[in-house]
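So that you can tell them apart, the chains are marked A, B, C and D in the order they are listed, and the count of residues begins at 1 in each.
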Amino acid sequence: MTQRRWQQIMDIPLTVAAVIFLIAYAWEVIANLNGVPMLIAEIIIAVTWVVFVFDYAVNLVLAEHRWFWFRKHIFDLFVVVLPMLRPLRLLRLVTLLNVLQRRAGTAVRGGVLTYAVGSSLLLVFVAGLAILDTERSITGSQITNLGDGIWWAFVTITTVGYGDIYPATALGRVIAAGVMVAGIALLGVVTATLASWIVERVAAQDELSHVATRREVTELTDQVNQLKHVLLEHATQMAASSGTPAPSSPTSASGASDPLSKRQPLT
Amino acid sequence: MTQRRWQQIMDIPLTVAAVIFLIAYAWEVIANLNGVPMLIAEIIIAVTWVVFVFDYAVNLVLAEHRWFWFRKHIFDLFVVVLPMLRPLRLLRLVTLLNVLQRRAGTAVRGGVLTYAVGSSLLLVFVAGLAILDTERSITGSQITNLGDGIWWAFVTITTVGYGDIYPATALGRVIAAGVMVAGIALLGVVTATLASWIVERVAAQDELSHVATRREVTELTDQVNQLKHVLLEHATQMAASSGTPAPSSPTSASGASDPLSKRQPLT
Amino acid sequence: MTQRRWQQIMDIPLTVAAVIFLIAYAWEVIANLNGVPMLIAEIIIAVTWVVFVFDYAVNLVLAEHRWFWFRKHIFDLFVVVLPMLRPLRLLRLVTLLNVLQRRAGTAVRGGVLTYAVGSSLLLVFVAGLAILDTERSITGSQITNLGDGIWWAFVTITTVGYGDIYPATALGRVIAAGVMVAGIALLGVVTATLASWIVERVAAQDELSHVATRREVTELTDQVNQLKHVLLEHATQMAASSGTPAPSSPTSASGASDPLSKRQPLT
Amino acid sequence: MTQRRWQQIMDIPLTVAAVIFLIAYAWEVIANLNGVPMLIAEIIIAVTWVVFVFDYAVNLVLAEHRWFWFRKHIFDLFVVVLPMLRPLRLLRLVTLLNVLQRRAGTAVRGGVLTYAVGSSLLLVFVAGLAILDTERSITGSQITNLGDGIWWAFVTITTVGYGDIYPATALGRVIAAGVMVAGIALLGVVTATLASWIVERVAAQDELSHVATRREVTELTDQVNQLKHVLLEHATQMAASSGTPAPSSPTSASGASDPLSKRQPLT
């Protein structure tokens, strides 16, 4: 079996595993589980983790150039290994981003924007969960429920940063750094999409001042070629009637069939 | 009566209802009404609400594909139903945004910027009202008058976020989220408009390096067509004078069916 | 005397008055003057104010369409009248922005950026002065020297907004709003300039894929016209030798003299 | 020896000196050195400083137009002299930015982004060191370890600005101003790169509506020239067979060899 085939097969199972993992993790964090329910949640999370480890291992085995693949997918290794630290387990959800990207991939500009907004919403929710998980247990914590977590993530990703809530632990700050970077990227995507759209609307306003398109120039080239054809045929007839040899026509004939014939020297 | 006709008729009444609603709401919130005056304000608000519900219902009845319209205008349903929660009643003012948009619609780039700035100013005022309404009653509230509310909305929409004032209730945070999203959009529109303007000014600087416009290529195509015309006429004359048949015109005939040769069918 | 002439004459005096005013105001605020020195500073400020009022009055008198000019320069009226409120006197410095703009006007993109950065630096200094003037006297003020004021203005214009210092008075908040708006504009100009520059560098990379310029198409049109000319001359000779009349040439001759002759029907 | 040669020779030594300086400085700040270790670190720093002063002096001596070079490299003088103030010694690291730029210089858009992100990461680390060095010693300091410093730099460069940590000294505020300016530039670069990329993707989507490229117009010009050539040859033959002189051909011959011949008047 090729690696490509394997990845196609695992596409849906990995997505399902990521969603199940997200639900189990959210349940554990929101309900602040203890005892048996927590054990159940942890087992579910462990199972989804096994799916990811298994997929990683099979990929490594099937890869044609193993060492090359290993180095190029070093981030996948982090996704598999890092989750030893509780909140970083959420890196596994990058799988969901891939699904989002595939859905958004058809349209170009709308696609980029949809992907950016969708990812941002997912990130706000997930970062809210992670920061709650990380910061809840410290004394004098500012984050005591999911509402606080999501509010904090929202204030951070929009770069507003009131400062009413901010992470106090090292791990919380790492999560915050991720959200901030996402915020700058989000701002960039929104602005860039709007800029592209406005530039286009301004250009579309005055129909006549449109830049010449490739199609128009190609059609013009066709006209010129037909003209050459007519002229050569005419020359041949003249030659026939007057007895002088006609200029070499085969080249120009092929030139007429190919709109952008690359400079055949016409004798 | 068609739905289109109904919407044209209701255009002004809905705008008036939205403005009356805004005034009554602002009066109630700013003056922190009690007793009879509050009752009057609430009745006015209820009446404007009835106008919106009525318009929604008639639209639903008149819609050709009712279920399709219902799903496509799910946001309108929120506008009508959500206002059960006091501050979310302000969603009704989206009607005013539509008016703004129509006014700004003529010019392209200036229009987008005018609309963005106008909407932002309206939003800052309305969000200031809503946050005052929501947060005033909680103990130790940071927002005690309209000035505080508008100041907070301004600090938030510009993504400065001092943190001297921030919402503490869930509803207040939802309002804040809306203002933040508007802030990112505003930043995007300002930047994008400036970018479009600078790109244009840079392009306009060197007159000769302008890109070829559609008009210029069209005129060139005309010249080539005239040339073809002259040549064929000449060929015909030659043929007439020498007794040989004119060159085969099918090529040029097919050229005439060609998309760009709109003008002169070549004999 | 025309209004235009007057404005040329007053250009330098107004700039000098604005600079003198800024120095006197800065001296008064930074040194927190009292008694005689304060009186001197206030007199200097009053004199510069008289210059502005005088200039406004003469402009109004010289204006051809007085009422039109009055409405179009309503902002100038504010600059003259509003300074009754101490910090708003600084609006008079808009005169300096005009000077900056004229200096930066030569180059296009560099000019916009230079103007934006220059204005921002001036604004940070002036806003620092104004906020110190406004907020110093209130009890428990966070701003007690120019350093605090400039630091606050810098934190605000970059939209960072730590919240260690924020205005507490209504006038201070109005000043802050101005700085925030300038911050969004600054962000927009920086981004837009960079975008324009990157778009250009990307375009310049592949020389051959440059868009066709107006010059190139014009030269091509010339070639086609020469071709038409040659053809017509040839046709005339043929006609002469064979005795048939040549196709009507005057049209094509005029067509050759005008590179983009607007579709004269040939014959 | 020329100045250019000297700069090529010193390229690597200066980079090495900058890296050694950064390591020694980081060691001193992070470990909060005292006594002998601090003396060692300070000596290392002094040695690297001597390298920079030496390089500056040699450059000044070798410069062809000494005064011109001095004024144009006034920033280099600051880098050499300012480091008397401890944290500003870090300006010396601008040397590292030059190395980064050279590495990133090959690709255009990716290069700008790589350079921006690389510089930002270096800046976050260095600013974290500098702020720790500056603010640690003041009473009630908010910054007590490198983690705090880097966290503060990150919150500042992304313009989030929680306000949980902010500089309290004048020197700390100067450092902060630098980080904020870098933040605005970073935001601008990210957005501009994305905008350039989206504009390109939108343009690439519809192959046929591509703007006409210079190559296409050049090829079309070639076709027209070939046509002229054929026509002239034909005319010559006609003339030969009928006895009338051919139209003057030399011009058209040179026209055929030069694709964009600048309007030779064809007799």
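In the analysis below, a residue touches a chain if its C-beta (ideal position, glycine included) is under 8 Å from a C-beta of that chain, and two chains touch if they have at least 3 such contacts.
Here the structure is a predicted model, which is why all the values come from computation and not from measurement.
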Interface sides of subunit C and subunit D: same vs different residues, half threshold: different
Far-end chain from subunit C, centres as C-alpha averages: A
Subunit B and subunit C: spacing of chain centres that average the CA atoms, whole Å: 27
Subunit C residues counted as touching two or more neighbouring chains: 159-163, 187, 191-193, 195, 199, 211-213, 216-217, 220, 224, 227, 231, 238, 242
Touching residues on subunit B, where the partner in the complex is subunit A: 108-109, 112, 156, 159-163, 166, 170, 173, 176-177, 180-181, 183-185, 187-189, 191-193, 195-196, 199-200, 211-218, 220-221, 224-225, 227-228, 231-232, 235, 238-239, 242-245, 247-248, 251-252, 255, 258-261
Complex contacts: residues of subunit D adjacent to subunit A: 147, 151, 154-155, 158-164, 186-187, 190-195, 197-199, 201-202, 205, 207-213, 216-217, 219-220, 222-224, 226-227, 229-231, 233-234, 237-238, 240-242
Subunit B residues touching subunit D - in the complex, by the definition given at the top: 159-163, 191-192, 195, 211-212, 217
